[in-house]
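Below is one structure; the comments refer to it alone.
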Amino acid sequence: MNRYILKRLVYLAVTLLVITTLTFFLMHSLPGTPFDEDKISRLSAAQQQQIYASYGLDKPLYIQFFRYLTNMFKGDFGTSTLYLGMPVSRIVLNRILPSALIGFQAVLFGVVIGLVLGIIAAYRHNTSMDYMTMIISVLGISIPNFVVAALLQYFLGFKLGWFPVAYWESYANSILPSLALSFGVIAQIARFIRTEMLSVLQQDYILMAQSKGLSPAKILVKHALRNSILPVVTILGSIVVNLLTGSLAVESIYSVPGIGSLFVDTIKANDYSTILGLTVFYSAFYVVVILIIDILYCLIDPRIRLASAKE
Amino acid sequence: MNQLLEVDNLKINLETQSGTVQAVRGVSLKLAPKQILAVVGESGSGKSMTVKGILKLLPKTGGIVGGKILFEGKDITDYSVKQMRSINGSEMSMIFQDPMTSLNPTMTIGKQISEVLREHTKMNAKQRRARAVELLNLVGISYPEKRYSQYPHQLSGGMRQRVVIAIALACNPKVLIADEPTTALDVTIQAQILDLMRSLQEKFGTAIILITHNLGVVANIAQNVSVMYGGMIVESGTVEEIFYDAKHPYTLGLLASIPNVDEKDKELNIIPGTPPDLIDPPKGCPFSSRCPRAMEVCHQYAPEKTMVSGTHWLSCWLMDPRADKQHGGDRA
Amino acid sequence: MKKAIKSVIAALLVVSTLAGCSSFTGTQSSGTAAQGESASAGSGKDSITLYLKNEIPTLNQFSASDNIAFAVLNNISEGLYRLDKENQPQPALAKDVTISDDQLTYTFTLRDGLKWSNGEPLTSKDFQFAWLRQMTADARNNYSFIMTDYITNALEYSEGKATADKVGLEAPDDTTLVVHLKAPTPYFLFLTTFVPYFPQNEAFFQKQGDNFGLGKDNLIYSGPFTISQYDAASGVTLVKNDNYWDADNVKISSAKIKIIKEQSTAMNLYKAGQLDRVELSSAEVPSYKEDPEFSTNTIFRTQFLQINTTAEGTKNVNIRKAISCAIDNDLLANTILNNGSEAAVGVVPGTMSSGVTGKKFSSFQNGLKTFDVAKAKEYWKKGVAELGKEPQLSIVLDDDTETKDVGTFIQSQLKDNLGIDVTLDSKTKEARRTLMKSSDYQMGVNAWGADYDDAMTYIQLWADHSVINGFRGNFIDESYDKAISDAKAEVDTEKRAEILASAEKYLISDQTVIVPLYYMGSAYLTKSNVKDLFVTHAGTLELKHVSVQ
Amino acid sequence: MQSGPISDELFRPSVKNKEELEHISRPNLTAFQDGWLRLSKNKGSVCSLILLILLVILALAGPHLTQFTYYGTDYNATYQAPSMLHWFGTDKFGRDQWARVWYGTRISLLIAVVAAALDLIVGVSYGAVSALFGGKVDAVMQRFIEILVGIPNLIFVILLMMLMPASVWTLILAMSISGWVNMARLVRAEILKLKNQEFVLAARVLGTSDRDIIRKHMIPNTIGVIVINTMFTIPSAIFTEAFLSFIGIGLQEPKASLGVLINSGFQVINSHVYLLLIPAAVIVLIMVCFSILGDGMRDAFDPRMRN
């Protein structure tokens, strides 16, 4: 197992390098420069030249790339051109924390509630409980999360005053955005667990467990759950990555200084170094999450361990 | 004889999308302590449903609609699933057909054994482990200590069935129900498993209901045999009575279809046709449509139980004196 | 195995706790912040809460180039002059100025005893340092033209062809600053109210190095307020600067400026009493129009349709005129925008100063953009006849909601009034600029905000041919260029204004290089106890005079 | 048991011939017919199917049922509440919302169905191949996914929108670049689980080709997960499109999708809530129908769900 993880970590480094390279050239092939060209056109040709030179943009792309890589290995991700002068690592760190907090809480709420709902729905298949879960689940995926966020803000925040309407000043500010984001997670988890569990509940080993005289609760938790959780773990990977890296709409509704808008703003503003820094961070995070999920697979289903050990 | 388990006129219905299936239509069984009873029939005859009905393991869509089940004299017919939990696994336990699917793939062998001990005994973790290893040893698994912490997929089919047997025997049950325990296994393994079951039965005196579609495996192991067809028992008796004095055409057909090693060239005997549709069961004898000696009456009226001896009975119109007139005793 | 899972969960919990602890912007003063909030919410004492619609890109004055950054910088630092409520420059760090007769030399005298927030004296050297830096490419705001256009030898200095001592900028003593201009510039005092003209403490700046401006402690303050809390994405908290020369007249002790991007959020907060001013969307204006808290204002920022004079189809002047005549700006401003924006007739907002005392530029403007469907059709017919076929037209525009609405409106007007189908091509700002820069477009929605209160800020845009300029529709016209250089040399303000007005007429009516659309405005609700809160014509937030009753 | 006397007459032999005996009592259906039959017995699924067909008809015919077009502006009738004239009211430009909602439904359905289909085809085959071949192939394919997901999607989208003319198809393509990844990972995980199960090993021993193993064993056994994930792909496609429109990349005015309409409705949530509610209700309706139908389909066609 340790060797396997080590091997994956080497892969990870290579993957990151490829991603960085591709992103670098893709970013530079986006139209435009990081500057307000309209304003720059007011400057003399010599002045314009100076500006490009001061960012190193006058050099051929491959030289820029190698310079970026060398700096990156030294731990220097450059400075932003949108947030002028701000080191990229500082921007990313500042902005990732709020997103990570609300994302983590949303996943936590979502997984716990989703699991409970999904299990109950499967166990009470075709009862009102089941239908209710399915309704929640369908609404959860079909109502855009910004509408949920706006409704929660209006009713729980503004009308009832239970939670702050917006801003990012204390822990209480993180609850509504987390709730808004967890809605979709609940929906997805509940559905996947329900479906998978319905088929697991038909397996002989469930009958076997019943014939052992085990209580329904024990059968559900010890026998059915672990066998139904695999697709959930798979889907959880992308849920975690998406949520921890921010949701533009929900963050802007609650004025959370998160990473959601940073992605969009910096891409649209051709802020090369910030995008690259974000991408490196994001993909490292993603690859690590995938690695954790693959390890979880093995932990959850012993049959998979063999398959991956053979690799 | 004081009966350990008595099933009287049990009826079980299953709700499906196509309609209500009358899976079990009045089955009666008697099991004495230390006895091995074989229930024989082809798939769909309702034999699995009968035993699942006894243990209350029916699917949610199924239910007992009539009859009685007595266990050690107690009426357990209307026991809830919750009430049955104290009996299942400790007093009565079950072995399933396919060892490949009846073990939880994500739980170690040891855990699956000690789980049942934990449920029904007061043993502590250490004792449970010791008992589990002992059981593995008992069912003939080598390196039981090592196997204890392995997962089902690391074991062969035969070994898994031994594990299932170990689980079933963990609490020294009085009744062991084995639902086609050898069907999914290789022929050589089949014999080993049957041997194991017999030796364990001799050792512990557990009464066994052995469900099988293969009359061949019955001869060496069972004392009594009930033959099921179309949700009913059509003939019942001791092994000798069934093998040497079977009277029901279906039983005879089953006997004829046992491959005989001596007659290599002979074509394998089969019973033509398919079992009846139990959503709309035939009015008369369920076997009438396939019976080589069917009469008009068989299609319209259900035959009554005829006692041949104290232990041997069958339901067939051929036993009616009027039938003899027609056929003129042409039986060999 | 279980241990592994447990440790993963534990690690996650630690991470989330860390995330929680260190990221909240209100943690340091959460107790007092809550009190401050309720104070500003109800009774109102000496604190207000406002918001900006986008993140603060930077607080480094050499990097700042937009109104968001200026909104903060204008209140934490100060120039020689500061705009008052009537948008007139009033002495600020300077107490006086003497202008030479030829209007080429300005001698500013600073107030006595000026101090930076750290107590160090603020001198004319600080201006000299900041201005010289602003002229070079080291100033990342690309605003060097705002210096080099006016000050002698500044361009040469910025291009590295002259040394600093050659630049027309002298600080003979601590309170005197002498500026030599290339040409008479009637609006030069306006320029000194603009952030790039603000002073900077050289010693502090050098000490901070790359960290300058990144955090509240990496800044030094010369304005009415200092910063007590700063996060680019969640906002700043300003507190009164006791070292400010006019601290006695700063009536509020603190001001919170939050970042709120969603209109509905701002509205909820305003109604909940957690904001003192909210900007209204066009849809909300009708229901609040009669509210005593309602007000509007416009800023010097003109949205216009730039037509490419060399592109297929639009190179024909009659086609351009037809397009211009077919668009009803009043309808656009009053129905679609409906937020205080005003229909534009020219590219120069009429309320701009003309340079002539007591006269707005509008009194010189006439015969600019008109809306006349009959004429539009006539021009179109003529244009099509000249081209030999009906041109296929498309418009490039930015992808924000307001600009897209404008595009949709223009599209529908051209459909209704000329019967033509125009394609909209909305792009990211950078992509739109790339297309315009490379002249790969027919029409583009663009905007220009005035840097100072004079028509020249707009008019000269189309005369600047230092590079072939797609942004200006590739319009190159000698008579126009001549008019601009004449105006620059003209000392008589009345004549100068006339020259500029007729150049504008030539640009819009005769050549129709652009179609002015509207002057940007906003509609607000402001809590009735908040007084003297205003936004200057340049679009900068002014908090110095605010009081809460 | 017996009713009435039984006459001796009845004790005549009555044996059916062999052909009759081989006759199977219930009609033999193909798997597809069987599934279809099950589906048609599921009331929820049938209702959803009917509703969906109705929505499709409205999406096609709806805009023509009113005298207004989806792009026609009327500046004297902006922000009209729903009325007899404008059934769903009008928007900021006085455009008829009924026509726009159904036109938007058409575009959204198109995007959703095509994008989901692309995801399905690419995702399922990619995941299946990756899991079945295993080893190096799997490792390389998984790394490729990681790279694809690691690069911010928005870069691809913006780049594509620059390179290609802005159209619905460009949008679908841009969304599909990495949309299938989830499906691929899900299918891979399921198949990894199935791969070592006996029936597959058995098939392999019997010399069944890889393609047949995928087709006959793997796909049918993963169909449950595939169907649900597709049911999630459809809303996520609709929302991705809405997100792109929200940040300004996507459909060009006056074209509209449900996502665009919801986004612009959201801008006026405080003053003209009907502009948000109506398109949101249509989306919810579509989603509800798709998921109930999806559930029904899975129950009907998944062999494991039969009992």
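Structural remarks
Labels A, B, C and D are assigned to the chains in the order they are written; within every chain, residues are numbered from 1.
To be clear about the criterion, a residue touches a chain if its C-beta (ideal position, glycine included) is under 8 Å from a C-beta of that chain, and two chains touch if they have at least 3 such contacts.
Because the structure is a prediction, the values reported are computed rather than measured.
Overall, the chain located most centrally, as judged by its C-alpha mean against the mean of all protein C-alpha atoms, is A.
Note: the chain lying farthest from chain C is B, by mean C-alpha position.
Centre to centre, using the average C-alpha position, chain B and chain D are separated by 45 Å. A straight line joining the Cα centres of chain A and chain B is 54 Å long. Averaging C-alpha coordinates per chain places the centre of chain C 48 Å away from that of chain D.
The distance from the centre of chain A to the centre of chain D, with each centre set as the mean of the Cα atoms, comes to 24 Å.
Counting partner chains per residue, chain C has residues 264, 399, 427-428, 431 touching two or more of them.
Each of the following residues of chain B touches two or more other chains: 153.
Looking at chain A, one finds that residues 30-31, 150, 268, 301, 303, 306 touch two or more other chains.
Chain pairs recorded as touching, per the definition above, are A-B, A-C, A-D, B-D, C-D. Per the touch definition, chain C reaches chain A in the complex via residues 1, 4-5, 8, 12, 15-16, 18-20, 22-27, 30, 33, 55, 57-58, 60, 63-65, 136-138, 140-145, 148, 155, 158-160, 210, 212-214, 231-234, 258-262, 264-265, 268-269, 271-272, 274, 399, 427-431, 433-437, 446, 448, 461, 464, 466-467, 469, 471-472.
Within the complex formed with chain C, the residues of chain D that make contact are 71, 73, 75, 78-79, 92-93, 158, 161-162, 166, 247-249, 252-254, 264, 266-272. Per the touch definition, chain A reaches chain D in the complex via residues 11, 14-16, 18-19, 22-23, 26-27, 29-31, 134, 137-139, 141-144, 146-147, 150, 188, 191-192, 195-196, 198-199, 202, 230-231, 233-235, 237-238, 241, 248-249, 263-264, 267-268, 275, 278-279, 282-283, 286-287, 290, 297, 301, 303-304, 306-307, 310-311. By the touch criterion given at the top, residues 30-48, 50-51, 53-54, 79, 82-87, 90-91, 94-98, 100-101, 104-105, 150, 153-154, 157-158, 161, 165-171, 173-174, 252-255, 257-258, 261-262, 265, 268-270, 292, 295-296, 299 of chain A touch chain C in their complex. Every residue of chain C that touches chain D in the complex is listed here, in rising order: 263-264, 267, 281-284, 287, 331, 335-336, 398-401, 404-405, 407-409, 411-412, 415-416, 423-428, 431.
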